[in-house]
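Structure provided below as structure tokens; questions to follow.
Read from first to last, the chains carry the letters A, B, C, D, E and F; within each, the first residue is number 1.
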Amino acid sequence: MIDNRLRRIIAEADGFAVGTFLMSDSATSAAMMDAAGYDFLAIDRQHGVIDDATCLRLLAEIGRHGTAPIVRVPANRPEDTMRALDHGALGVIAPLIDDAAGAAILTAACRFPPHGGRSFGPVRAGPVYGRGYLKAIDAQVLAIAMIETRAGLDALDAILATPGLDAIFVGPNDLGLGLRLGFTGGHPDADPALAEAITAIATRAKGAGIAAGIHCTDPAMARAMRGLGYRFATIGSDLGLMATAAAASADQARGD
Amino acid sequence: MIDNRLRRIIAEADGFAVGTFLMSDSATSAAMMDAAGYDFLAIDRQHGVIDDATCLRLLAEIGRHGTAPIVRVPANRPEDTMRALDHGALGVIAPLIDDAAGAAILTAACRFPPHGGRSFGPVRAGPVYGRGYLKAIDAQVLAIAMIETRAGLDALDAILATPGLDAIFVGPNDLGLGLRLGFTGGHPDADPALAEAITAIATRAKGAGIAAGIHCTDPAMARAMRGLGYRFATIGSDLGLMATAAAASADQARGD
Amino acid sequence: MIDNRLRRIIAEADGFAVGTFLMSDSATSAAMMDAAGYDFLAIDRQHGVIDDATCLRLLAEIGRHGTAPIVRVPANRPEDTMRALDHGALGVIAPLIDDAAGAAILTAACRFPPHGGRSFGPVRAGPVYGRGYLKAIDAQVLAIAMIETRAGLDALDAILATPGLDAIFVGPNDLGLGLRLGFTGGHPDADPALAEAITAIATRAKGAGIAAGIHCTDPAMARAMRGLGYRFATIGSDLGLMATAAAASADQARGD
Amino acid sequence: MIDNRLRRIIAEADGFAVGTFLMSDSATSAAMMDAAGYDFLAIDRQHGVIDDATCLRLLAEIGRHGTAPIVRVPANRPEDTMRALDHGALGVIAPLIDDAAGAAILTAACRFPPHGGRSFGPVRAGPVYGRGYLKAIDAQVLAIAMIETRAGLDALDAILATPGLDAIFVGPNDLGLGLRLGFTGGHPDADPALAEAITAIATRAKGAGIAAGIHCTDPAMARAMRGLGYRFATIGSDLGLMATAAAASADQARGD
Amino acid sequence: MIDNRLRRIIAEADGFAVGTFLMSDSATSAAMMDAAGYDFLAIDRQHGVIDDATCLRLLAEIGRHGTAPIVRVPANRPEDTMRALDHGALGVIAPLIDDAAGAAILTAACRFPPHGGRSFGPVRAGPVYGRGYLKAIDAQVLAIAMIETRAGLDALDAILATPGLDAIFVGPNDLGLGLRLGFTGGHPDADPALAEAITAIATRAKGAGIAAGIHCTDPAMARAMRGLGYRFATIGSDLGLMATAAAASADQARGD
Amino acid sequence: MIDNRLRRIIAEADGFAVGTFLMSDSATSAAMMDAAGYDFLAIDRQHGVIDDATCLRLLAEIGRHGTAPIVRVPANRPEDTMRALDHGALGVIAPLIDDAAGAAILTAACRFPPHGGRSFGPVRAGPVYGRGYLKAIDAQVLAIAMIETRAGLDALDAILATPGLDAIFVGPNDLGLGLRLGFTGGHPDADPALAEAITAIATRAKGAGIAAGIHCTDPAMARAMRGLGYRFATIGSDLGLMATAAAASADQARGD
């Protein structure tokens, strides 16, 4: 029986799902993050040190406490999306979607014919989710397109209109770069133009009836984004949380 | 040229070295911890998800910023100690040392004849530290015996007198269990008997001219231990820091 | 909440638990075996191609459908037993136990003080089983000693009397070799002396109030062993089942 | 000296080659399958839990008993095909070929100039097959295009006419989906339209002088396909054979 | 602080940088090569047995002695280039560049906006190179296009004119194949047409103000290429050097 | 059918077997060494970066051209010896044998009862060597004790008299250290006392009818050792050969 907690929460009227990125290639680290209370975890095959085989190992440790396993693929290639799903992901985030054609490639890879072109072979998802998997998965999976380039922003309405698209997800760091704002740190306070774009995306997504998510630097930003209409957020990453806590711990131990 | 920062700091009159345990099998996680400002990192092959090959991968990411790579072996076996050194460790922590014979097994494995019985073959340490390695390593390496059982506590003076022993290291969680105090969480405040033992060990080590270290739950405990005469401390672990920060982040994002 | 299905079944009056050995180093293979309907799976670090890190990966895929994860360690060493438990095993099978001293080493490694000498650090078991782990595990874990040598057979009563021992497990292949019967294939029909020993072990274990298990070549042998009083059985292995099925499939396809 | 048993058998007048898919990432599992009596083994990088590095490990265990190592790539990308060949594969199956252009990309990647565009660098194939490799491989390699979409079926004649194409291979599960027949289980008995397509493909391939293969659910289907003119078949997979045998074994042991 | 030794040397008036290819998947082998005295090491993800995760492991061992880590990607895909940089590479060699469009894809992936389209997320490069990484990397990175096909040779001037291209790199083995000269062994002495092409490329690159490098079979060829105007060379590979030395050693030991 | 080339050669009247150590964890490197012309390869689990799982991967690449796969275990532990054999090794070198008891532990682990105490379970050796494995292996396997400490030298005659011992193997580096000669580089020319010991060992082994082997720095030393009566030699290692060749190549390319 499949229960995609991210899908369930964004389907609720006022739901807001909280997640983070996994960038570490440690499956045990993923097991600890799985127990930390998130609604979903986004395994980052784009910027994390995570390849296809590592992603498989991490998926094995996610979901024990109800957390939804999502995978960000390194690029919008059907075979990567299909392998993530075969291995047990319940959603795929495709980076750098610049136009509706890109979004359509993603959505096609996420579902079996006639709704898409996913190839048959759920090698791990089959035994893990059980006999009902094939019947249930097309309704449970999430196809999520990243909006993080100027081209993607310009094509936003067409992307939002792509059949089968379940959500969009904003990458503020790359969006700031794409808008020629330099390294903003990915926070709307860094630049009014970035703030404006982030606000506009939420509004247009809502108008199109598509859930919008966004990557956040900290919990406060996530709460602010929720106020703008965002329905889910990733906050930092496993390695980022660790590094920040480690530096603080070492400093405090020295009495600095 | 070998510079063992942990050895250097505990050789200073009032030095206090700050480290933590690496329990994750992610080398990139180790690289981030290496950049976090610790004096040393203790790769935990006893309780971490780290085996011989993983330890090798982690060692490759430690030392770039001057941090000393130390390995806690899974048990006090010469071949594990010798492999850790061959792979580049500058010190070995042996767990559960119960008597002077155990300490002598450790110290023998840490140095080449005539000072010990280390077997020749520094496969990675050779190229990494360069031509002077063989001449320098015996004076740079640290042999560190854990005091964490009742037997070890009873035999403390004999252990401290072991030729070639460079330091002892207290494991308060196991020590509390060994003293029949149950799960104390490893903090002296949990039980006066544990506090008393921790204080006594520092005093006796100082009397023997051997540096003592201890595992701490947080920076405040580390500072308190420094006050007791401890010369180095591990504070938490990579995965522990991450898990605590993650749970807090998820809670705060929900406004809980 | 820990539920050790193997422990539960052998605690029932007429329970009989069915398992098999995992010898493959494929975690996805383990996930499929986890879904195949066994009561327990015994990860074979002795003869399988499974080391410490691989065992960790396999443990991540076991238990989703209620199957109990058990580990056979490569030898009766405390650090291997303790690592298996830290990584999430709910029982340990120690091979080649020749005497009560060996059994006592095993049982000591399986439980925390004061019941044993297990060292604190459940890196994966903690987050996976949750907050109650430390309180519950000593009552849930299974310490299982293999009887498979002449020495072990001779010392059986002393072994059965070891405090903390939860079960014994017969290895008929090695037992046949140990009794100087040659390669019997591990089936009692191969030699009356083997059959006699297998029967006697069940009887004596029952007399001592200790559950006995045995490795079986096929389901028919398992049912026969149940008739002798055995309470659990491993039947073949993942790779053995695969190889037999593969050879038959290839033959049949050729119409041979 | 290269001997591609699959190529040899399909070159015989009435040869029929029997193989299966490897989906497991265990090299030792592959070694057992290598000894099971197949003519070829198809390492499944599309749906198996097998990436580039795992494929390399599996190739090391195939061929000891004369079995031909074939690789199904995750997608029809030249670099994946070329890496499989550099690592020792003697044939490549490209999935989801929809048109002659796709088939031409495959065939170009399989052979060196002037017959194709394979880049020079047989890192493992060189030492494994010996000095004659470069001269022999272009005549020994197999370029195999999968027919498993409606588009591919429509373009079949053009695909069959692609210079350098050695065989086609039918994926009945995906073909059934592509023909809008739903999840057929990949057996012609499931749907007359699927049966018709499977028969037609064999006929048209024979007419074009190209060997056709097909994936089969069981040995009986393979024999039936041989009757239709198919020249080679994969029957199930390593993990599928294991899972079926395991479930039966557990059931029988309980006397169910 | 980033110091790209390859970039620095080719920026000098008469600098000539010496490197080799890493084809082995052993990180310790890379550590030994790092200590062997090269100016740069080119991790070969195209023909070496090195995938994304292995490349990460090798990068951890390069640079300790000042050697520059360069990665040859398996194909000219932005996500592979970007991951190599995120993991710490200071330059990327893209194989089989046939036209200016290909070169532009490479250069765009190598730098952040506005100079390119690199996506933000330097997971390992950040902590390894420190805080100044983001500001410094665009000026330090090397985008290197391989010239090794007839198409690439024909389009050389357009490729050389690509904004952001830092160097070209000649693959003589593939170039010989592309020119229909068969297996030349990659040495200009093998065929006058190959020699002519190699000479012409150096001349045209110099005219365009772009540094040219080339793969060499041995040191003598490297010195000859320097005479032609080449500014950097790879000479053989880790595994090639080992295999040649091993065969000679075995022969000599037998007194052959 | 098992053919142990090392065993065969040392059984010949004037045979001399040439091998080397594998210290790299690259299986493809092992495949290249397998093709380089050695009689045997000694996988070095003591000083090489090779653990149990890596050893398994390397064994898969050895023997294709008739080379015998031998494993040096990290320490003289029966479970390591038995696993090496289960995985396909045809001989085991145990380091640091100090007395006859140590030699007896080694020989017991190498053969099944009644000749030893090897436990049944040849998971990879079974399918790789085929049905005759169990009957043939006890006569084919080689139990090889290292003589490399003062204690071992003192106990040499008792060690040579151990039933089941097939050969001894001298480690000159450690022997020099053990004799308090410092770092000799392992060559008899470095110190007359080392030369004397090396000569004496060959003589006494010959007297006991046990083949002696020795580790050599170069082919010339191997030929000299043959003259002393040694019957097999390892010469350097994979990584050592590579590093030496690499440094020379870089130097020559610069015209230094």
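Heads up, the rule we're going with is that contacts are C-beta pairs under 8 Å (C-beta built on N, C-alpha and C of every residue); 3 or more make two chains touch, one makes a residue touch a chain.
These numbers were taken from a predicted model, which means no experiment stands behind them.
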Checklist outcome for this item: Joint neighbours (chain B and chain C) are A, F
Item to check | Of A-E and D-F, pair with higher C-beta contact tally | outcome: A-E
Next on the checklist: Please identify which of A-C, C-F or C-D repeats the interface of B-C; the criterion is that more than half of the contact pairs agree.
Outcome noted: C-F
Next on the checklist: Among the chains here, which has the CA centroid at the largest distance from chain F's centroid?
Outcome noted: A
Checklist entry - Counting shared numbers against all numbers at the contact of chain A and chain D, is it over half, same, or under half, different? => result different
Checklist outcome for this item: Between chain D and chain E, the Cα-mean centres are separated in Å by 34
Checklist outcome for this item: When centres are defined as mean Cα positions, the distance from chain A to chain F in whole Å is 52
Checklist outcome for this item: The distance between the C-alpha centres of chain A and chain B, rounded to whole Å, is 38
Checklist outcome for this item: Residue ranges of chain B touching at least 2 other chains are 23, 25, 27-28, 32, 35, 49, 51, 53, 56, 123-124, 127, 239, 243
Checklist outcome for this item: Here the pairs of chains that touch are A-B, A-C, A-D, A-E, B-C, B-E, B-F, C-D, C-F, D-E, D-F, E-F
Checklist outcome for this item: The residues of chain A that touch chain B in their complex are 16, 18, 20, 23-29, 32-33, 35-38, 49, 216, 218-220, 222-223, 233, 235-236, 238-239, 241-247, 249-255
Next on the checklist: Could you list, by residue number, the parts of chain A that touch chain E in their complex?
Outcome noted: 23, 25, 44, 46-49, 51, 53-54, 74-75, 95-96, 148-149, 171, 173-174, 177-178, 180, 183, 186, 239, 243
Checklist entry - So in the complex, which bits of chain A are touching chain C? => result 27-28, 31-32, 34-35, 56-57, 60-61, 64, 123-124, 127-128, 130
Item to check | chain C to chain B touching residues, read off their complex | outcome: 51-53, 56, 77-79, 83, 86-87, 112-114, 117, 119-124, 127, 134
